[in-house]
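Going in written order, the chains are labelled A, B, C and D, and every chain counts its residues from 1.
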Amino acid sequence: MACSQYEYVKKFETYQTLLPNTYIVVRIDGKGFTKFTANHNFEKPNDKRGLDLMNKAAESVMETFNEIMLAYGQSDEFSFVFKKDAELYQRRTEKIVSCVVSCFTAAYAMHFSDYFNIKPSFLPMFDARAVCYPDFKNLRDYLNWRQVDCHINNLYNTCFWTMVQKGNMTPQKAQEILKDTLSDRKNEILFNDYGINYAKLEPQFRKGSTLIRVLVLKDKHANKEAEQAESQQKREKCEENQGLNKEGALQQQNEEGEEQKENAEELLKEESDSVMTKGEKKYIAGQKKQKKLNSKQLEKIEKSKYRSKIITLSDDIIQNEFWDKYKDSLKLQE
Amino acid sequence: MACSQYEYVKKFETYQTLLPNTYIVVRIDGKGFTKFTANHNFEKPNDKRGLDLMNKAAESVMETFNEIMLAYGQSDEFSFVFKKDAELYQRRTEKIVSCVVSCFTAAYAMHFSDYFNIKPSFLPMFDARAVCYPDFKNLRDYLNWRQVDCHINNLYNTCFWTMVQKGNMTPQKAQEILKDTLSDRKNEILFNDYGINYAKLEPQFRKGSTLIRVLVLKDKHANKEAEQAESQQKREKCEENQGLNKEGALQQQNEEGEEQKENAEELLKEESDSVMTKGEKKYIAGQKKQKKLNSKQLEKIEKSKYRSKIITLSDDIIQNEFWDKYKDSLKLQE
Amino acid sequence: MACSQYEYVKKFETYQTLLPNTYIVVRIDGKGFTKFTANHNFEKPNDKRGLDLMNKAAESVMETFNEIMLAYGQSDEFSFVFKKDAELYQRRTEKIVSCVVSCFTAAYAMHFSDYFNIKPSFLPMFDARAVCYPDFKNLRDYLNWRQVDCHINNLYNTCFWTMVQKGNMTPQKAQEILKDTLSDRKNEILFNDYGINYAKLEPQFRKGSTLIRVLVLKDKHANKEAEQAESQQKREKCEENQGLNKEGALQQQNEEGEEQKENAEELLKEESDSVMTKGEKKYIAGQKKQKKLNSKQLEKIEKSKYRSKIITLSDDIIQNEFWDKYKDSLKLQE
Amino acid sequence: MACSQYEYVKKFETYQTLLPNTYIVVRIDGKGFTKFTANHNFEKPNDKRGLDLMNKAAESVMETFNEIMLAYGQSDEFSFVFKKDAELYQRRTEKIVSCVVSCFTAAYAMHFSDYFNIKPSFLPMFDARAVCYPDFKNLRDYLNWRQVDCHINNLYNTCFWTMVQKGNMTPQKAQEILKDTLSDRKNEILFNDYGINYAKLEPQFRKGSTLIRVLVLKDKHANKEAEQAESQQKREKCEENQGLNKEGALQQQNEEGEEQKENAEELLKEESDSVMTKGEKKYIAGQKKQKKLNSKQLEKIEKSKYRSKIITLSDDIIQNEFWDKYKDSLKLQE
């Protein structure tokens, strides 16, 4: 049977491509998640299981698409940043958008029961879009926009649900009180009325999650894992203290915070030395050496000692500190 | 914290829309399914569980998006046809594509274990694209293209795997023999060497699956289900005999087939009368009556007696018969 | 010199195409024409020289792009309708848009002095866009939209400028009086205060200009031209009387008009018979004959007797009459 | 008459926008210029009148669109570079493309007779496209691509037409000899067989034309013009000697050239001092001063002494020299 008489319909397919030499950001966003979270009794204002499941799904996406350099997630959304020279599907918009969202959804659906101990009672669904950002400043501003959004929403939701859950207010009453308040006021309400220091709440809730790839030494793999788990715990404890306690303060640490931050930095430094940066330092040193020897073979040998690993952080990504720290891992092509 | 300094990044988002008054076809397609099917030991050349799972996922998509009038699937692909006046997400390309593929993937992932009794060992993933077809002829030709593709691939694969599985040939040997053969020759090989009448194989394998919505009477719901299940079985038996045994024969039935087809048609007629078309006939009769009375209220009452139901068929959708039969159900707006 | 190191920049070029099997409408629109017309002392509310120049430029476009089936212009805009199966530049949007507007602009600039006896004192400039319409109804509605727009604007402008020029009103005063009036009222003002029967004004002003291609006999070329010029004049005279004298009346002829229309139709019939339709009738008859003879050669001979000619009309294109009359010329592919 | 029933057709219009924060390049290109130039007896291989007319039209475009920072033209094409933060028509692709090409065409058509002393015998027509380049390197590489193209084509054409016109060869013979020759060989043919030093030919032919905006002092306007004209002539004479006489040599000056280049640079320096750079230096000095005074008013006064002027150069734009020299004029936003 001649297929040819029908094949003309292929001419109706067109495809758009994403401008080369720009950062591609694919943002996925939960569809109908108000209903989905209500239906599955997600805790309010944040359900750690739900957020960890989002992170797990994001990790699956990063494992699948190795040109993603960073992912940032909060609430029911996740942004995946492809490096500027990504060539995935010849940068075809629909291909990239559909595959990323399909991968994320599959992971979310399949791992749901690992986090909630039940099968989901209806289908989780996400939309997705792709946006290009021409330079690093644009990309940073995009991520800032999302992290500020996380902060604003989380502070509001924390107040709202505290007032409802602990203050026994009606949702209407809580909404009315919070209407048009600045974040200073929200922090005050939390602290004065409920004894909650917002800045000390879980960083994951306040700052969202950032996933990046780092290099770790292969041979020390097993005990590194343990080491990392430990230092991760330490870090999380410390990071609690580095948090923001005022809106507008993401760029400004309070004094107490500063102090705690120093402790945190020591620990982080330690952690970096033992877990990631040691590897990276060696790698970089190796690279310099290689340049002298001008030997691809040497590089291969050196590289083979390391493996890429995706880590999940709750850092402030608005400040330069994060970007300086992970500069090499992100292989930034400013 | 002023979000406004970062919000300019929203201006980088653009969106494409799909031309109004055209049929939107969203086709999803398995990514890496060669590996996925091998890994999960799908039967060759067709795994009924796998195809039924595809149909189940497609049904979920149709339940979610009520502007889809028809879905056609074969192998690891599915095409969803939105009616011409669909308004979903203001016809924004990325929104439609991402939500459809996300919904399909979620359903596929979640129902996998219902069909395979295991959890999938890695993530099922699909890409998706949207294409517009301006008129009904273009749409029919698109669907013809996919069903012809199904026929060609399935005949080849049936031969190939029969030669390998029953003929104990090496894949290379089978490939060599089949190379450049016409479908007549493939039918001969199957019939002469292995006693297989291709036209009598499972219609689902030979023709793919078509999902449409029909109206069924509400009050007779329970026993209709049973009735339908029965008549469906009858039909499937019969349809085996209507199949093609020659390439080029999708439009041409062999004599034996013709005879059997008549039987099939009787049964189908019977089935139609009892299962769907009775409802539809009444509905149509009702509609005519309504026109006379020119009463919206009456229409509502009449409509409330019926409910929409998605059915899965293995029909030849190239011929006019299918389209004539389901004309009213498809509410074709030619 | 190796060009190759720079050629990668070609990858940044993308192109959009216009959906196949749809009518492509390219609409050009004057940029800064308020200033341009003021600067060159265009007559108000309509400058026949200016409109004829627009028509001349549109004719040049139709001569250049033979897939344009119809052009409709009014004020400083012109819409070019490409037939559904047009293949111009593989239907690439930017190519089509830029070439059409460039051709139109070149013709407008070069012929300006033929109509105004001076060189333009600054550059005429037009923008352009391409829109796809999937079916004939959409196309008709698009053209209706433009012709209704012409009617509404022209009735308003005629009132306004009459009040200013003949009534010696200030523009502010005139604007104030006309504000929120319906067209009935505008017709009354013109008739009662200034003795002007709007329906008898120049059809070109009231209805815009429509350009189509017709077939004319080659051998009778010379005298046909004369004949046509004459009958064109007759027709224009008559059409004055067919015009609208009420807003809302484009679909409704007044009685007097009806009578005159009959005369007009006789003349038109005559004209058709002698100028176009005779040719077309013969051509069609010839075509039928050819089908019997099944001879491409005969068709060629027959065709060679005719030549395509672009004619400019001031018809009502909202009603079916126009479309019925020129059905064959437009080779409508509904 | 209700327009509303037709206005739904507006929904079929969509528009694409060009990514913010990227350089927009609109390239126009002659359509059918082989025929157009033949028909109007353009001189071969280069017609200075034709190229000057292209430059004149490009200047009109730059005068019309003040966000164009640079234009580069050669043969029958011209590229217009909009600065990164251009906001023209909200960066809508079709609007920008159509208006630029319309403006260019109008200027070309209207000024044709100024350069050729006749009216064009048929319509000049150009197509246009818009491309985005995210960073300065991409933009430079784009322009390099065009200037290398100019060089390659012009060297070939110069050889070809010299062989035909002075060597009395048939076009076929000339083509055959030139086939697959490197540029060294082409330079040799010109020099050995025809006594032509390619590097000394008109820079406009070898390097194309670059238009930029510079600031000039208002009060010295009249005599500046004269001064510039003079120094321009001097420069052109000198630049002949800086040219390339080898393919691959756009980056490499021969020794003789170097010497002459030094002279040229002295003259250029002189010219810069007297014509542009003096103004710019003062302007920059003024700017620095202003910053100290932090006074917008002072800036205004200072600025009012200068006016922007479009100048046409035949520079090598591949090397950094050009970009360093005009850095301030181009207000580069790397």
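Note that a residue touches a chain if its C-beta (ideal position, glycine included) is under 8 Å from a C-beta of that chain, and two chains touch if they have at least 3 such contacts.
Predicted, not measured: the structure shown is a model, and the values here were computed from it.
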Q: Using the touch definition from the top, list the chains contacting both chain A and chain C.
A: B, D
Q) Which chain's C-alpha centroid is most distant from that of chain B? A) D
(Q) Looking only at residue numbers at the chain B/chain C interface, is the share used by both copies over half or under half? Answer same or different. (A) same
(Q) Could you work out how far the Cα centre of chain C sits from that of chain D, in whole Å? (A) 38
Q: Indicate the whole-number Å distance between the mean C-alpha point of chain B and the mean C-alpha point of chain C.
A: 47
(Q) Could you work out how far the Cα centre of chain B sits from that of chain D, in whole Å? (A) 58
Q | Multi-chain contact residues (two or more partners), chain B | A | 12, 16, 19-21, 132, 138
Q) Given the complex with chain B, which residues does chain C contribute to the contact? A) 19-22, 132, 134-135, 138
Q. Which chain B residues qualify as touching chain A in the complex?
A. 1, 3, 5-10, 12-13, 15-16, 28, 31, 60, 64, 93-95, 97-99, 101-110, 119-120, 123-133, 138, 141-142, 144-145, 148-149, 151-152, 183, 247-250
(Q) Could you list, by residue number, the parts of chain A that touch chain C in their complex? (A) 11-12, 14, 16-17, 19-21
